[in-house]
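Here come two complexes built around subunit A, the first alongside subunit B, the second alongside subunit C.
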Partner chain A sequence: MKALVIATLGLLPLAGSALAEEGPFASQVEARQGIMRYYAVNIGTLGAMAKGEAPYDAAAAKVAADALAGGASLDTSMLWPKGSDKDAHPGTAALPALWADGADVGGKAKQLRDAAAAMQAAAPAGLDQLRGAMKGVGDACAACHKDFRAES
Partner chain B sequence: MKALVIATLGLLPLAGSALAEEGPFASQVEARQGIMRYYAVNIGTLGAMAKGEAPYDAAAAKVAADALAGGASLDTSMLWPKGSDKDAHPGTAALPALWADGADVGGKAKQLRDAAAAMQAAAPAGLDQLRGAMKGVGDACAACHKDFRAES
Partner chain C sequence: MRKSGIALLGLIALTAAAAWVLTAPAAPVPEARIAALTPDARHGEQVFLAGGCASCHLAPGATVEGPPILSGGQAFPSDFGTFIAPNISNDPVAGIGVWSARELANAMLHGVSPEGRHYYPAFPYASYARTSLRDVVDLRAYLATLPASSQPSGAHQLGFPFTLRRGIGIWKLLYLNPDWVVDGPLTPEETRGRYLVEGLGHCGECHTPRTPLGGMERSHWLGGAPSPDGKGRTPNLTPGQLKWSAPEIVEYLTTGFTPDYDTAGGHMAAVVANFAELPDADRAAVAAYLKKVPAVAPAPAVP
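Up next is the complex of A and B:
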């Protein structure tokens, strides 16, 4: 049994794939940045429609909004271990304030989940509805970034 | 209204954050690699318990297994545009075979979702159950990597 477990673990998904970053929390930083990039890809699809840079497409808007809502619903708590801030790790812009007493990270995460759920309802309903839901999404992104991400 | 939309989009989540990679599909590649890293972080937690490197902790195992199942349930289809293979993009190991006719990507994705769901049931139930579900997860990872990821 133990041999089987170990043999299986030899096939772990990213064994042999290099991390872009180094440092004690390189995996966590890469994972959380990738999930934010997943948000961004899908917000980009919705935003291009909102701005008229791409034609409104209800099906594509639904895929993007569903993806955003799915991503925002993930538990990413394990990707933010204490100490994985920009003072400790060159590859992240996360401010130590994120880990300070009273930092309402949970509330900000809920703001994004709620905004994404609103977008999920709005995006397939029509371009005006999609546009109407963009501000909530942008506000949720900004709420967290303003307090917890270093200016670049 | 349009000004509001544009102002909101100025707050887009990753405006101002540099991509680790460059190329036509840098965002998609970063997002998909980050999501796989999210799998790996959580499989690592489960694997450490399976191997006896960390004490079995039902609550922590549940968090990790729930995260793996949540990640495996995301629609990531938009992260794999045709042409985002290793021949076109230096930062990915994705083989062109992934986009070939008959490549059963959907079936392999389902294999991971099913294995993650089995782990979700098993992980909080006990160490033996967790160990029993590891092979399914490893097999699902390997099934996709064997066919679609370049050897490193």
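Up next is the complex of A and C:
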């Protein structure tokens, strides 16, 4: 019995990811999660400089900030079809609230575009400026996650 | 849950007679020590942010634009029932507008109300007990600058025997221990971090597992704990389990970004929003202290 439970538990994550790939909106979900990761990778470049893990490099900071702003200005509406929430699809953390009447997703997206634009101006200007713009970006990501993404 | 209820009942019955004497609330902060301090409301705002008072005392769902309105009303479910955070706004009737600094000190440091009743430890005074009197006096002055709300406080929804506040006296004998958890030689920076983490920041209230009676397990300090709402666990913050560097911890408390540039979620997002407003040195102090906490082995996986 115990062995069976352990064996079944071991299979669970596998079963989960298989479902994620086969779910009804699999490619949309993968694509939007990929865009989130694209943000994270570029903020990683900026954050490494902010934390002092990497030397400040104005050119590299500009590339990362431009990429972040570019990503944030993409039209991704087609990646969020109605019904692709976590209650319907095991591979996503998107909350049904995202599709509720009056959900201010556009406002959150704009908050990120504004913060990314501020970072675009700050990143090549100097390390202190870059550091100063990090919090605005972090706040923009967190504001949307708080309302529309399930806690892990 | 039922087990701990029976345990508490038994404990109450067994010790009833002795306890009646021992559990009488005392209001021990001497007025003279308060009078010696000059209130600084600006610094009181930092005390307020580090203490995270707004996270619990704002109205449900309220977001802060401008000065916070601490009208209360949020519900906190626990094994013992549901607690409703009271109005602590500046209203003289519905809030705490008429409270003296000494009364706030007795509430935060000893869990005792102006009428001499015990507060439930859902108000995290088991941590706030480590706050300095100077910080309480400054906080009092800051709270007096905030708006008043006439919204009456809601009643807690608790089952017997938890409705008996006198029983909290036993809990306090067991668990209200303002001694530092991490003892030993610390640098001034680590000492400041300890003050923020063990005291005002009340990090242990979420990150430390509890005994069946709801006290923090000092032997598993910051070792991670099941969330009170039953969904998931808070992470273990002790060395070896939290593998983040000090700069990574500082970055998290400043911008909310984890080392892989995801964002802080859940209740931690509010903690980050508050700590982001504190001076750089305070966030660095928290990171320095977390490196000094004794390691706690990860909790065994629940089969």
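Here, the second predicted complex is superposed on the first by the 132 of 152 C-alpha atoms of A that agree within 3 Å, B and C clash if a C-alpha of one lies under 4 Å from a C-alpha of the other, contacts with A are read in each partner's own complex, and residues count from 1 in each chain.
Throughout what follows, contacts are C-beta pairs under 8 Å (C-beta built on N, C-alpha and C of every residue); 3 or more make two chains touch, one makes a residue touch a chain.
A quick note: this is a predicted structure, and the numbers were derived from the prediction, not measured.
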* Asked: Now for A:Ser152: first (subunit B), second (subunit C), both, or neither, which partner does it touch?
  -> both
* **subunit C versus subunit B, contacts on subunit A by residue** => B
* Identify the partner contact of A:Ala50: answer first if only subunit B is touched, second if only subunit C is, both if each is, neither if none is. => both
* Once the structures are superposed on A, label A:Ile35 by its partner contacts, choosing first (subunit B), second (subunit C), both or neither. => first
* Asked: Where does A:Gln111 make contact in the superposed view: on subunit B (first), on subunit C (second), on both, or on neither?
  -> neither
* Of the two partner chains, subunit B (first) and subunit C (second), which one does A:Ser84 touch, if any: first, second, both, or neither? -> neither
* To do: Give one of first, second, both or neither to describe whether A:Gly138 is in contact with subunit B, with subunit C, with both, or with none.
  => both
* Name the contact category of A:Gln120: first (subunit B only), second (subunit C only), both, or neither. => neither
* To do: Examine A:Leu74 and indicate which partner it touches, taking first as subunit B and second as subunit C; both and neither are also allowed.
  => first
* To do: Touching subunit B in one complex and subunit C in the other: list those residues of subunit A.
  => 2, 5-6, 9, 39-41, 43-44, 47, 50-51, 134-135, 137-139, 141-142, 145, 151-152
* Asked: How about subunit C: which of its residues touch subunit A in the complex?
  -> 231-232, 247-248, 250-251, 254-257, 260-266, 269, 272-273, 276, 303
* Parts of subunit A lying in touch with subunit C, wherever the complex brings them together -> 2, 5-6, 9, 39-41, 43-44, 47, 50-53, 134-135, 137-139, 141-142, 145-146, 149, 151-152
* **Footprint of subunit A on subunit B - complex, ascending** => 1-2, 4-6, 8-9, 11-14, 16-21, 27-28, 30-45, 47, 50-51, 63-64, 66-67, 70-71, 73-79, 93, 131, 134-135, 137-139, 141-142, 145, 151-152
